[in-house]
Every structure is written in C-alpha cells, then in structure tokens.
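Each of the next two complexes has subunit A plus one other chain: subunit B in the first, subunit C in the second.
Take a look at the complex of A and B:
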C-alpha cells in the first residue's frame, strides 16, 4: 500500500477500508499516471486555517459574497455568506461513486452542506486557498450543494495558491438540482506547476432544471477532473463550455460523463484544448442515453490544437445510446495552428509571437464566449488571458 | 523603390519564377498580367515573405534594404502590403482589434508612438466612410462569413488604414461584380500618391480601366516577357495570351540556331 493510499484511507478508515486507487492498467487513468504520487510520502495536513499574507487577505476580501476554504478547512471568519443559504456540516457516508476513488475518500470527510433556499442574484465565490503550509500534504475538501426547486445560483470556484508547492488537492463536490432549479458554475484554478489536483464533481439534475458548467483548465503537474452528471428529470439540461490550455510540463485530464436518464433531456458539451511545449491535454467525453430516455438530445464537440512537437493531446468522444428517437452528435479534431492565418496576421505587421497568441486565444475563447451568465463569461475570459503566458507562444 | 533582379523562386520543388527582373519607382502603378500559372501570385507571396517560397537566385531591394532578409512583419512595418487573392477568415479575432494590433505593431517597429483605442477608432471610421463600408464591419471577426466582395473591400480598407509604401494587389478584381470593382478601384485611386507605388496583379484588363497603370508587364513562365504602357493591356485583352507561346517558340528557335 502506497503512502498516498494510506493517507487517504487514514482520514476515515472505517468508511474507506476497501479503497483502492487506480492501477497502471486502469483505462480511465491511462493518461494520468499516479506513479509519482505513489512514490511520495505525505505529512499530516494542517488541522486548521493558517495565517495568510495581507495581499491574499485583500484578494479574498474583494469577493463580495464568498465561502472561503483554507488548506481544505472551511473558514467561517473569512467567509461572507449571503442570505438564503443554509449552512451545515455533516459527516456524510463515503457516497461518491466507486469509479472515483479520490472522490470517495474526500466524501467520507466532514462535508459542508449548503442548502440554496432562495434564488441568489449575486454570484457566490467559493475560494479555496492553499497556503505554503500545505506543501507535502494532501488537502481534502468536500462540498454538497442542494438547490431547492426553482432556485438559481451562480458559482465561481477558484483555487488560489500562496506559492507553487507539491500540495495535492482532492476535492469532491456533490450537486443536486431540484426541479426547475438552475446552477451556473465556473471552475478556475491558478495551480502551480508542481501541484497535483484531483477534482470530482457530481450533479443530479431534476426535471426542467439546468446545470451550465464552465471551466478554464490551465493544468498542473497532475490535473484530473471527473465531471459526472445525470439528467434525472424530464427536460433537464446540462451544458459544458470549457477549455484546456497547457504549456511547459503541465497536464490536464478532463473526463465528462453525461447520463440521460429521463425523457427529452439535453446535454451539450463544447470543449477546446491547446497544448504547447511539453504540455499534455486529455479529454474524454461520454454521452450515455439510458433506455427509456427517449427524445434525448446529446451533442459533444472537442477540438484541439497541438502547438509544439513535444506536446500531446488525447481525446476520446464516446456515444452510448440505449433509447429511441435520440438526436446525438459527437466529434473531435486535433490540428495545428493554421499557417495561412499566421502568415495573414504577420503580413499585416503583427510579430510572430503575438500572432500566435492572438490565434490561440481566439481558438480557446470560442466556447467561453458562449457562457450565458455574463459575469461568469467575463471571469472565464480573464482567466484564459491569465493562463496564456506571453512566453508560451 | 523596389528593385527585383533576376529572381528565381522554387515552390514545393518546382521552379516558378525563373529570372524575373522589375523596377518600380515611387508614385508608379505597375500592372503584372499573364496567364494562369505564370507565377503572378508567387511574386506577391515572395515579396510579402510567405514561408515555403524558396529564393534560389537573385535579389529584391526595397527602399535600399534587402527585402528578402526580413521577416514578414518587418516587411509590413517597412511599408509592404499584400492584398490577398483569398483573404483568410479568422474566427474569434475581432476586425478592429486585429487592425489596431497590426497598426500599432508597425508603429512600434518604426519607433513611433502607438495610438490609443479612441484615436484609432476615429481614424478607422474616416477610412470606412471613404470606402463606403458599414461600421458593422468593425465588430465582426476578421473576414468571417464575409462575401467575396466584402473580403476584397476589407483588404483595401486595411490598406487604407495601414498606408503602405508599396501595395501589392493580388487579383483583387477576381470574384468582384462591376459595382464592387469600382469601389475597390476608387479606394486604390484615392491612395495613389507620389510616395506610394502599386503592383497590380491581374488576369484581366478590366481592372486597369479603373486603375490606370503607368507600366504593364506580361509575366509568362516565370519571367517578364514584355513591358509597355497601358495599351499593352488592351492588346492582351484583344489577343489573349496565346501569342506568348508563339513568341516563346521563336525564342527557342533563335537560341537553337
């Protein structure tokens, strides 16, 4: 048993006694090797929120409505909880699905439960801060958000790091949308190049409810996100607009499973990936239409640009249909930056590096421009501009 | 201003230009005519610096500089502009943003101060008016979803904003109806000045009714085989390019004897 596994299990040994981590032959983890993590030994994680630099405090305070986690611990003092949210902490059973072992480990820990009882007009910022004290540790976090029928919430989740360290983040978010609810979510990480991040997000979307998810993934030493969404009620809607932009030696592995369980449900996934230098981008998108989910509409598009001979893109779009009268489309492409476009820009006087940057941004921006919530869209575009360093071109 | 001497260019292993020489002085408009495959577009691309065009012999001097030694962006900054035969669509890049980036990059390269967005917008609006283009063009992505005519007018609009010293128009007339052709020609004529030269590459004489050239060259098989005044264009219109083959045969016969 590796120290990684021991550390994960030790957090809740009774619930996690049978936890096993993906092995080298696990197809789902083919492009996200745990080898480096398995060889490390971890210190005990900080038991309570630590001190932060004044700059970081100011940055956090700038988010008007916020839930703050420091090194995995919910920090009530730094948070500013808006009205209409009911907050409790529960020791939940390890209820994450078995195929997400990291998520199972996190879900066995005390979970912050947020009940959304009223529509929220302002976006809620969930800020996960990683301090320097988190180096050599596994920081775990579990969230459970329940939207009552007909309520609306917009969330910006971001990870802010004090300094690049080898911290491992293991976060689990369980989202439940009752009938007619709407949740818009933007996921942005500012993770360091030495960090490892494993995210698990599950959503159950009720009748007539809508879950719109957006992510800007800049990657980390290891970055893995499993997004598992089930459309359980009729006419439930799930949309994804995201992009991966990895350079240097960054890695980002995105797995999205969209499961149509009820009639006339709709899923629409648009993801773009760019890999430069020695970056490695992985996208696996799976649309599953279960028996009886007639009239489902499922679409998935994943386009990628390989920007360097040492970069790698792996993409796997999957369609699995067990129902009738289904509308489904899926496609994936991997290409290079268009030389004609590049020459066109340069012939107008734009230097090569800037021309490359303009074309890369334009490519990655396309899905983000389709984010319907204007504040999330703006934040996503700003995050994109941040994660394309000038020297990456 | 522009001096091309014995230029040989190879593209994908094939010799396209085979000893082209040409001199263009400031203020002049030169037309390059010739049959398909003569190397007309190659000339435009090699002057603008497109990759994959290998110069095997000869030289190009522009305002006293070795043009071939410069990157495409440096050529643009020193005053070369190519209006593309097939302008490229660039989704996701706003036309105004693109033009301002180009304009300011050129200014920066020349050590001139950059223009802020307000001042630039004012400049751009003036040029739009002159070319009878709609404001809406500014907010669209570069050439995306433009009609053939709109793309060509957008090229001339870019030229009007960037104010090059040497403008190369590569079959700007192709795919244009007569009204669009007039607008494009009007745009070009407004830019004619004693400091600026034009190289107008065209297959048909029609454009030259509106942009009257000082010199007409016939390009065939990678070389200029005849030069003359604007009447040469009329002669070509009248007789086609078939006589070139006869001429070539005569030349070869003369060489053999």
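Take a look at the complex of A and C:
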C-alpha cells in the first residue's frame, strides 16, 4: 500500500473499506499516472486554518459573499455567508461512487452541507486557500450543496495558493438540484506547477432543473477533474462550457460523464483544449442515455489545438445509447493553428507572437463566451487571460 | 411497438443447414498433445510446431479480456474440438465429395468451371481444412501464389516463416495466442513485386461440424508495387450451442503496394432469444510497411451472436494510408463490439474511418476505435465518422473512440451521430406508395451507402441482400 493510499485511509473517520487507487492499467486513468504520487510520502495535514499573508487576506476580503476554506478546513471567521443559506457540518459514510476512489476518501470526511433555501441574487464565492504550510501534505475538502425546489444559485469556486508547493488537493463536491432549481458553477484555479489536484464533482439534476458548469483548467503537475452528472428528472438540463490551457509541464485531465435517466433531458458539452510546450491535455466526455430516457438530446464537442512538438492531446468522446427516441452526436478534433489566419494577421502588421496569442485566445474563448451568467463569464475570461502564456509563440 | 419495430420479426438465416458428411473430429480438449497432433496432421516442419507450442504456453499465462462491452457466456476451452475435417481424402477439387460441392453451390459459392464466369478465385475452407483453391494455375502464371496456408507451409516455407506472426505476434492477445497454437487452415496470398493480381481472390469459410471451433489464419503479402483485392465470406449451420471462431488475419504491404480486404460476415447469429450462434473473436491487422502503401478494410457484419474485432492498420511507411469501412448490424440479441485502430508512425500518413452501426431488437452495437499519432508522424491526417441507427427501444448503440496525438502537425477529426428510423420517415415513404419493408430497406441502404460502394460489385449486392434478410421483420 502506498503512503498516498495510507494517508487517505487514515484521514477518514470511518473505515473506508477497500480503497484501491487506480493502477497503471486502469482505463479511466490511462493518460494520468499516479506513479509520482505513489512514490511520495506525506506529512500530516494542518488541523487548523493557519495565518495568511496580508495580500491573501485582502484578496479573500475582496469577494463580497464567500465561503472560505483554508487548507481544507472551513474558516467561519473569514467567510461572509449571505442570507438564505443553511450551513451544517455532517459526518456520513463515504458516499461517492466507487469509480472515483479519491472522491470516496474525501466524502468520508466531515462535510460542510449548504442548504440553499432562497434564490441568491449575488454569486457565492467558494474560496479554497492553500497556505505554504500545506506543502508535503494532502489537503482534503468535502462539500454538499442542496438547492431547494425553484431556487437559483451561482457559484464561483476559486483555488488560491500562497506559494507553489507539492501539495495534493483532493476535493469532493456533491450537488443536488431539486425540481426547477438552477445552479451555475465556475471552476477556476491558480494551482502551481508542482501541485497535484484531484477534483470530484457529482450532480443530480431534478425535473426542470438546470446545471450549467464552466471551467478554465490551467492544469498542474497532475490535474484531474471527474464530473459525474445524472439528469434524474424530466426535462433536466446540463451544460458544460470549458477549456483546458496547459503549457510548460502542466497536465490537465477532464472526465465528464453525463447520464440521462429521465425523459426529455438535455446535455450539451462544449470543451476546447490547447496544449503548448510540454503540456498534456486530456478530455474524456461520456454521454449515456439510459433505457427509457426517451427524448434525450445529447451533444458533445471537443476541439483541440496542439501548439508544440512536445505537447500531447488525448481525447475520448463516448456515446452510450440505450433508448431510441434520442438525438445524440459528438465531435472531436485535434489540429494546429490555422496558418492562413496567422498569415492574415501578420500581413496586417501584427507580430507573429501576438498573432498566435490572438488566435489561441479566440479559440479558447469560444465556449466561455457562451456562459449565460454574465459575472461568471467575465471571471472565466479573466482566468483564461491569466493562464495563456505570455510567450505563446 | 412502433411500426418500424414490428417490421423486423421473423428473421431467416438461409445458410443455416448442415451437411451430413463423414467427418473426422479430434476429441474435445486442449493441451500440448492436441497442438502437436494438429501440427502432425498437417505434416508441419519442426519450427512451426515449436511456434505453436510457444504460443500455447504463452496463452496459458493469459487471462480472457473483459474490457469489451459484451456479455459472453463463459467459454470452456476443454469442451471444444480443435480439429474437424471430412474423412475422405482428396487431392484436388475434382475429387471432393459432391455433397461438399453441393454445399458451396447452395451457398452461392462457385467451385467448378462455372466459376470462370464469376471471375473470382476461391479458396474453400470447410471446418478445419481447405477443400481446394480455384484458378491456382492461372494465378501462378501471373506469379501470384494463392493457396491454403497448410499448402503454403509445404510449398513456400521460407515465405511463411518470414511473414507469419510478423504483424500479429503469437502473444498479441488472448484469442490471437489461442489461434497461433491451434490454427488449422486459412489462406495464403503472395503477390510479387509489380504484379496486379489479375482477379479477385476470395475465401469462403464454412463451419459444419458440431462442438468444434474454427481457427483459421490468413496471411497476405504484397511486395513492392503489387496489389490485390481479397474477399472473405462465412456461414455456419443453425445450432443451439455457441461455437467459437477465433481467426487471425495478417496483411503486409511493402512500398507502393495496395491491399483491399473485404469481409461479408454471415455466421449464424443465434435465434431471437439469443440461443446459439457463433462467437466471432478475430484479430485482423495490416502493416503498411512500405512507403506509399495502402490497406483498406471493408466489412459488412450481419451474423454472429457476438462479433469482437478491430481490423487495424499500422501506418509505418511514409505516405502510407489506411481505410476502414464498416457496416455492423445487430438484431435480436446479437452483440457487436467492433472498430479499428489506425496507428500513424510514418510521415504524411493518412487514415479514414467510416463506421455504420445498425441496432434492432435487443441488439447491442459498439464502435471502439483508436487513432494514434506518434511523435514522429509528421503531417498525419485522420477523418473518422461513426453513425448509429437505432430501430426499436431495447437496442443499444455505443461509440468509444480514442484519439491520442503527439505531433502538433496532425489533423484528426472525429464525428459521431445517433439517429433512428422515425415513423415520420416511414410515413413519408408510405404516402408515396412504398411498402414499409422497402422503405426501411431504402433508408438503411442510404445509411450504409458510403460503405457499400467500397465493396466489389458482387459483394455489394450480396451485402445489400443480407441486410434486407437480417432486418426482415424488424419493422412493421
């Protein structure tokens, strides 16, 4: 048993049973190796939120309504919780699906439960801060958000780091949308190049409810996000707008499973990927239409640009259809920057490096521009601008 | 039940008869002695016996793969007879038991002089042996070798030794290892440098004996600038048991060579409750070894209880190209997990994949593919299109493509759609006086057109007919 596995098992208050981490032959982890993590040994994670630098404090305070986690611990003092949210902490047996072992470990931890009882007009910022003290540790976090029928919530989840370290983040978010609820979620991070991040998100979307998810994945030494969404009620809607931008030696592995369980449900996934320098971008999107989910409408598009001879893109769009009155389609491409567009821009006096940057940005922005919530859209575009390397040429 | 579903109900399997003939069947079971016995029966040289034994020993260390989306009843490898052949010995096709010739006649495969009219040279494989090959002399005049693999081992051992297992190594996968150990016959084609094979070559596989498996092996080699078009067809009697067919096909194309390999697979698919039928677990791989070589796979898969195969191309030579055109139909409880792998290794390599899956009844149809562009495969190009057609509420259509790109100059495109024959479409056709059966045929035919036009003409007609028969009663 690796120290990684031992540390995860030891952290759980109740026995996790057989927590087997993905091996080298695990298809779901084919392009993301845990070898480096398995060879490391970890220190005990900080038990209390630590002190923060004044700059970080100021950065956090700038978010008007916020839930703050420092090194995985909910920090009530730094949070500013808006009205209409009921907050409790609960400990329950691990309830994450078996195919997400990291999420299982996190889901066994004390979980912050947020009940959304009223529609929230302002976006809620969930700020996960990693301090320098978290180096050499595994920081875990579990969150459960429940939206009551007809309520609306918009969430920006931000990961902020004090300094780049080899910390491992393991976060699990369980989202339940009751009938007619709507959740808009944006996931952005400032993870360092030495960090490892494993995110698990599960959402169950009720009748007539809508879950719109957006992400800008800039990658890390190892970055993995499993998004597991089930459309359980009729006319439930799930949308994804995201992009991966990995450069240097960053890695980003996005797995999205969209499961249509009820009639007339809709899933629509648009993801763009760019890999530069020695970056490695992976996208696996699975559309599953279960028997009886007639009238399902499922679409997935994944386009990628490979920008350097040393970068790699792997993509796996999957369709699993068990019903007939179904509309399902997916498309995936891998290519390079269009030389003609580049020539066009250069012929208008734009230097090559700038022209490349413009084209890359235009390519990656496409899905983000379709984010319906204006504040989330702005935040996503800002995050994209941050992660596009200056020396894009 | 929708109109479309009721139209596909009583499927007829026309090749479901069996031929009553004295057959020598080896006792059931598998072991080194069986491998040696098969080798001895064929009078094989020592190296080949050892090659088989090495494969067998390797197979013992392997476990059956489970990753496919298939429900497979456990296979008892000791409950299969690995060799069955008609008892009566014969030297040429003229001496073959007329009953056997009748069998092929009934299946529409010409094995005598009349064959001349069809202009196709045929190697007829019956259970574990080849009955004979037509037009051998004529082909020999052009320098083309076309014979059974057993004969090739005797007549051209150096060629067989050089190429056998060079594309699909003995330990490649579970069923390829099993095949390497117990393969009984198959076809061998060698087209020398600069020769265009003057006629279509074809092999017809027939399983007849009960409780047997068929393990044939096909090897096709095209030297520099040579080209060949090869077709295979297959059928089996209707039986309540599942019979295993685990074949290996290896293609080698040197510089500027071109191989076109077409399959119309019509093994017995089992009845509407999923009883019986052939397990068709096949490893097919082509190696574009030479520059500008070309390998094209076309398959029409209408039979078999379970089809599990991925005809692949290794695009090693610079400028080489690979193609894969497939129509897979599953009906009743048939399952198909098929697709291709295009491995781009050389510069300027191209590949194209067109896959059409039709699912009816409780059929499950999966496309599984890999397009891999290696780091040095500069300017590789791939286009993939996978379409699924669903007929009925209880069937399934799945697409598992995998794209791995390590070279920034590659352009890879994949698209997939899933649709159904809607009652609206049917209504439209019927309103114009077209019978529902014909309307469905028309729609299915249109759906498969891109693949059918890749088939040689006679096969395209047969394939079209097969789809019609297979879908019979699916709609109504």
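Everything below uses one rule, namely that the second predicted complex is superposed on the first by the 390 of 393 C-alpha atoms of A that agree within 3 Å, B and C clash if a C-alpha of one lies under 4 Å from a C-alpha of the other, contacts with A are read in each partner's own complex, and residues count from 1 in each chain.
In this section, a contact is a pair of C-beta atoms (placed from the backbone, for glycine too) under 8 Å apart; a residue touches a chain by one contact, two chains touch by 3 or more.
In this text the structure is predicted, and so the values were computed from the model without any measurement.
Colleague: Does the subunit A-based superposition show subunit B and subunit C clashing or fitting?
Modeller: Aligned on subunit A, subunit C fits beside subunit B.
Colleague: In the superposed arrangement, which partner chain does A:291 touch: subunit B (first), subunit C (second), both, or neither?
Modeller: So A:291 only meets subunit C here.
Colleague: With subunit A at the apex, figure out the C-alpha centre angle toward subunit B and subunit C and round it to a multiple of 10 degrees.
Modeller: 80
Colleague: In the superposed arrangement, which partner chain does A:350 touch: subunit B (first), subunit C (second), both, or neither?
Modeller: In the superposition, A:350 contacts subunit B only.
Colleague: One more residue to check, A:307. First (subunit B), second (subunit C), both or neither?
Modeller: Only subunit C; A:307 stays clear of subunit B.
Colleague: Where does A:323 make contact in the superposed view: on subunit B (first), on subunit C (second), on both, or on neither?
Modeller: A:323 contacts subunit C only, not subunit B.
Colleague: In the superposed arrangement, does A:340 touch subunit B (first), subunit C (second), both or neither?
Modeller: The first partner, subunit B, only.
Colleague: On subunit A, which partner's contacts cover more residues, subunit B's or subunit C's?
Modeller: Larger number of subunit A residues touched: C.
Colleague: Of the two partner chains, subunit B (first) and subunit C (second), which one does A:27 touch, if any: first, second, both, or neither?
Modeller: A:27 sits against subunit C, while subunit B stays out of touch.
Colleague: Between subunit B and subunit C, whom does A:363 touch in the aligned arrangement: first, second, both, or neither?
Modeller: A:363 contacts subunit B only, not subunit C.
Colleague: Minimum Cα separation, subunit B versus subunit C, post-superposition (Å)?
Modeller: It is 15 Å, taken between the nearest C-alpha atoms.
Colleague: Show me the subunit A residues, by the header's touch rule, that subunit B contacts in one structure and subunit C contacts in the other.
Modeller: None.
Colleague: In their complex, what parts of subunit A are in touch with subunit C?
Modeller: Listed in rising order, the residues are 27, 31, 291, 294, 304, 306-309, 311-336.
Colleague: Going by the contact rule at the top, pick out the subunit A residues touching subunit B in the complex.
Modeller: 338-341, 343-352, 354-355, 358-359, 361-363, 365-366, 369
Colleague: Give every residue of subunit B touching subunit A within the complex, in rising order.
Modeller: 48-51, 71-73, 75-77, 81-82, 84, 87-88, 90-93, 98-99, 101-103, 105-106, 109, 158, 162
Colleague: Name, in rising order, each residue of subunit C that touches subunit A in their complex.
Modeller: For this pair, the touching residues of subunit C are 67, 373, 375, 388, 390-420.
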